[in-house]
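Shared between the two complexes below is chain A, which pairs with chain B and chain C, respectively.
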Partner chain A sequence: MLGLAFKYSYLNAKVRTIYSQRLKESDWRVLSHFGDQVSFVQYLKTTYYSRWINTIFQDAKRGSETFERQIYSSLFNDYLKIARNLKPAPKRLLMSMLSRYEAENIKTLLRAKKGGLSQKAVWHLLYPVESFSRINWEELWKSKDVKETMEKLLDTCFGPALAHALPQFEAQARLFPVEMALEIQSYRCILDALLAISCKKDRQMAKNLIGAFVDTKNVCHVARLRFLYRLSTEESLNYTYPGGLMLNLKRLHNVCRATSLQEFIDSLPVQLKEELHETQDLLGLKISMEQWLLKRLKKAFLGLPFHIGVEIAWLFYKELEIEAVIRLFGTKGTKHRIEIQKLIPKALLKEE
Partner chain B sequence: MMPLRRIKNSLAKIGIFTSLWLLVPLVAMASDAATKASTVSAKWGYLGAGLAVGASTIGAGIAVGLVGAAAMGAISERPEVAGRALIFLGLAEGIAIYGLIIAIMILGKI
Partner chain C sequence: MFRPVKLLRITIQVPEEYMSEVLGILGDFRLLHLININETYLGKLGYVAAAPADLLNRYENIVSHANRLIKELGIKAPVPPLEHAPRPEKDIFLLEDELSAISAKLHPLLEEERRLKKQIEEKDSLLKRLQLLAPAQIDFTRLSRLMFTSCRFGVIPPENFERLEESLSDIHHALIKIQTSKDRLVLGAFCLKEDLPVMERALRSAFFNEIALPSDLKGTTDEIIKQLEKERVPLTQRLQELGKEKEQAQKRYGQSLLLIREKAHLAKLLIEAASKFGKIDHTYLLTGWIPVDLYKSLKEKILKATDNKAIVDAVDPEDLREVRSGIVKIPILFNNPLLIRPFERLTTLYGIPSYQEVEPTVFLAISFVILFGMMFGDVGHGLVLFLAGFYIFKRLYKYLDYGIILMECGVSSMIFGLLYGSVFGIEDLIPALWLHPMKDIDKFMLVSASIGIAMISLGFILNLINILKAKEYHKLLSASGLAGALLYWLLAGLGVRYFTSGPPGPMEQTIAGVIAALLLFIMIVERPLRVIIKKKRQKRKSLESGSSIPVLVLESVIEVLDQVLRFVANTVSFVRVAAFALTHAALFLGVFSIADMLSHGNKTGLAYILTLVIGNIVIILLEAMVVSIQTIRLEYYEFFSKFFRGGGTLFKPVVKQEDLEITEA
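Coming up: the complex of A and B.
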């Protein structure tokens, strides 16, 4: 106990201080009332995010297209700040959580290669991963085609998945299975890193939070695959992420068999169903699932504080906060007025 | 025959003499025992005072370690909380002072 207290006293105080600077209900109210993106960003520059978005809208070259990616620098900075103060195993877990963003950049890169686009044409779609990524991006961008890019990635953590997906790509000439393989591999890396944590309390807390996060992702992901892309049950199940807390493979199979959104919600565990009873569309499903996850994340800040759960909860919380900011930012360019409750989970608005 | 008064006087003298003869060494012995007893209790007193200071200082060290680390974490993110953090650091240091006070009280009794 004393050892854990010594291990986490500095880090927890740091994380709780950062947590205290999150966007409050008053911030969300103000942000929701702005009619244009410039005012929205100007207000956001008065918050914790100012350091990372201060160049947005300063000149014509760096505007709205860079905002959605630049704001993630703030999240990556928090990841690195926390990882610096952790032992190797939990540090590896955090770095593997970041590999999801590397996978997203690889996906963008592969799409650009397939479409014959240059790095300059898609740079605004790339996450600012330079601060933590060990992948040689310059070398990847020099590749002639998708196959060469994939071959260069074989010695990275995405290697096993890409080795499996490469013959599929060559046979079908479709990027979708490759993209899914990359995403799933990033979650496998997280699971491997999670199991390598020796402290039982840390491992359990991390498992619960990451499991809940994976459940949230799986519910939204399967719903999108089934009802938006109209994939079959087997294919949808094949593309689910590993490591869920409540949704194991058997449950996921039931969920994937649903033919309507209502049937889909009914096939979920009771705890999730309770949160989703008013859901009518995919956006509503996403917001409700985020609401469920945020409630769980906030619980990590209560009780005995000396475990890695506080750090992981904050990082997921911030990720959801950034997603909500981007959603709200997206509505500013349009004339449609959407109620704030339909875009932002209540748990983000509620102050405790 | 010896008169009764003389006998009484003699007995009184013998009694006084015997009492003196017995009391002087007894007083001397009692004084010696008291000195020995006070030396033993003083030993325990010194030990208690040492323990009070030592244990409370170790406790304060642990507390300052924890509070100080947490304070540094908080100050690194929000420098404006430095004043409040120092108050809590002072509270942790207070533990050592409690031990010192107890030690002084023990030493005062010896």
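Coming up: the complex of A and C.
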């Protein structure tokens, strides 16, 4: 116990300081009232995001299209700040959590290569991963096609998955299986890093939080695959992410069998169903699942504080906060007025 | 040796019909630096010849075809030297005929080899796939008779198996694990024929990669594998036989193929060079630089080949107005003996000397070798360097120059090792013929400073020669000219006097003071005076660079003082020669001390020997690098900076050896 206190007292103090600077209910109210993106960003520049978005809207080159990716620098900075003070195993876990963003960038890059687009044409779609990524992006951009890009990635953490996805890409001539392989692999990396943590308390806390996060992602992911892309049950199941907490394979299979959204929600475990009873569409499903996750994340800040859970909870919290900011930002400048409750989970709005 | 090869500027006018002959002659001579017509007045008017694209393509085809045959035959013999350069327009027919004749003779052999290799490759590939399934002992005859069941064999990531199994739980199926390794699982998947679409979807989404097998396979995996291996034997035997036939073909056609490729490549280079020629109607015009010695024979050969219809003129560069005014630079062709030639690389690294100035490579080479030896004096280490250099010289043709430099430095180190009495750091094995650096520090430092004085003086003398050659007499009075040199020698003389027979007397001091003051005065007033005279001549009101006379004087005073300080600093800088020789000895003290400690003073045993060996390796690697850097530093900053002007261009022969070597790759 004393060891854990030594290990985490400084880091927890640091994380709690950052946590106290999160967007409050009043911030959300103000942000929801702006009618245009410029005022929205101007206000956001007065919050702790200021350092990362202060160049947005300063000139023609830094417009709204850069905002969505630029704001993630703030999250990546928190990751690195926390990882610096961790032992190798938990540090590896955090870095593998970041690999999801590398996977997203690889997907964008592959799409660009397939569509014959240059780096310049898609740069606003890329996450600013330079601060932590060990992938040689310059070299990847030099590749002449998708195959060469994938071959260059074989010695990265995505290599094993890409080795199996490459023949699928060659046979089907579409990127979908490769994209799925990348996403699944990034979650597999998290799972591997999680199992490598030797401290039981840390491992348990991380497993609970990451498991809940994966459940949230899986529910939204399967719903999208089934109802948006119309994939079959067996395909949807095979494309789910590993490492869920409540949704094991059997449960996921049940979820995948659903033919309507209501049937889908009914097949979920009771704890989740309670949160989803008012859900009518995919966006509602996502917000409700985030609400469920946020409640669990907030619980990590209560009780005995000396474990990795506090750090992980904060990072997931911030990720959800950024996603909510981006959703709200997207509605600015459009004629559609959407109620804030439909875009932002209540747990972000209300301070408990 | 002290100046580049004397060149002439030649102009050749050739009627179109003789151009191929002339190109061949230029190829034979090699030592012609062509001037690109685009850089001349004629070129700017648009009288530029174009390289004949069709001919060029034909030669390119020959080169690539010959390369393909050489590669397929596996010819690795050295490229035979060409006695005569090809005549591009005439020789094309000959080369094409020769190559197609050889190609026709080699075709059946190479074609059969290709076919056999393909067959073996196909069999190997099928064997590899079947070996994955071997543990399951699958009977393909029985499998082909299945009426209601479908099956697929393939590989999936092991971690996907559980999900795949679950995803198939809604249909009747069987998944059979055949082989498992860390990153793949060989799997047989069976289901009812009606459920095949479901199974295929599930397999695809689980990243299942099917092992493709021919549909006509009969028997068990073992039987098929044995059959394939049996079928493979005669194929490999025939391939081996073909190998012997290829060896004979190599002997018969190897040299011819290499020669054809070499000739075609040279012809290609010559044709490409034609884009640097001028052309007016049906006459080609070539201009360039050629060594004086070669001019006469080149002229004779061209006139003979063109029935005296060509016009070959030569002009001494001194007579060319563009050269005098500095618009056109005369290229420099180094002219050094074999042992000095590698150091040309070091000279050109600093800058390319101009045609008019002293070519300093010989001074650099001699002083480099001496300074290196002084700082790295050890018989054993010198021998190691010599052997390393010899290895590079013999084996690594590309780095031949560095091999020679290393050998020369090794010899110098050995000589100084004898003078210091040092063999692998052991100083009591042989007697020192001159001194021990660690024991005679004062003497050694004086010698180093003396070498510095000698080298700086040489720098001054070379600068004086350059000034006189360039007829820039006013510079004689400057701090870098004669006045500066005299002052330096005066100060050096006083220094030598002090160290050899004590401080100079009052009379000597007075005379030296007066001379020094006079020289300083000359150096200071030289520039302001020159400006005043120029102003008076041109009768212009504004002064040079817009400065007034007092400002000019002040600038001169600062410049001269700076120069005098540099004299002292440059000379003292040579004391590093002694310092590095001491470091060399001191490092050995360290190594021996460690070795003694490890052997508890016994001076025997494995630890002692191992420490000495590792210590020596480290010293050789580390010090050879440091000493080289320091020597180059002394050469460039203390010596070259005194006289080197640079700004020249290198002589580029019409066909360079490097261009020819590309074909060997």
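As a convention for this text, the second predicted complex is superposed on the first by the 352 of 352 C-alpha atoms of A that agree within 3 Å, B and C clash if a C-alpha of one lies under 4 Å from a C-alpha of the other, contacts with A are read in each partner's own complex, and residues count from 1 in each chain.
The rule is simple: a contact is a pair of C-beta atoms (placed from the backbone, for glycine too) under 8 Å apart; a residue touches a chain by one contact, two chains touch by 3 or more.
In this text, all values refer to a predicted model and were calculated from it rather than measured experimentally.
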(message) Quick one: is A:160 in contact with chain B, with chain C, with both, or with neither? Answer first, second, both or neither.
(response) second
(message) Contact-wise, after the overlay, does A:322 reach chain B, chain C, both or neither (first, second, both, neither)?
(response) neither
(request) May I ask you to name which of chain B and chain C touches more residues of chain A? (result) C
(message) With both complexes overlaid on chain A, does A:12 touch chain B (first), chain C (second), both or neither?
(response) first
(message) Looking at A:80, would you say it contacts chain B, chain C, both, or neither? Reply first, second, both or neither.
(response) neither
(message) Touch test for A:232: chain B only (first), chain C only (second), both, or neither?
(response) second
(request) Pick out the shared contact residues on chain A: the ones touching chain B in one complex and chain C in the other. (result) none
(request) Flag every residue of chain C that touches chain A in the complex, lowest number first. (result) 155-157, 159-160, 162-164, 166-170, 183-184, 198, 201-202, 204-207, 209
(request) Please give the residue numbers of chain A that touch chain C in the complex, ascending. (result) 160-161, 163-165, 167-168, 172, 177, 180-181, 188, 231-235, 237-240, 242, 249-250, 253, 257
(request) Sort out for me which residues of chain A touch chain B in the complex. (result) 2, 5-6, 9-18, 20-21
(request) Could you pull out which chain B residues touch chain A in their complex? (result) 62, 65-67, 69-74, 76-78, 81
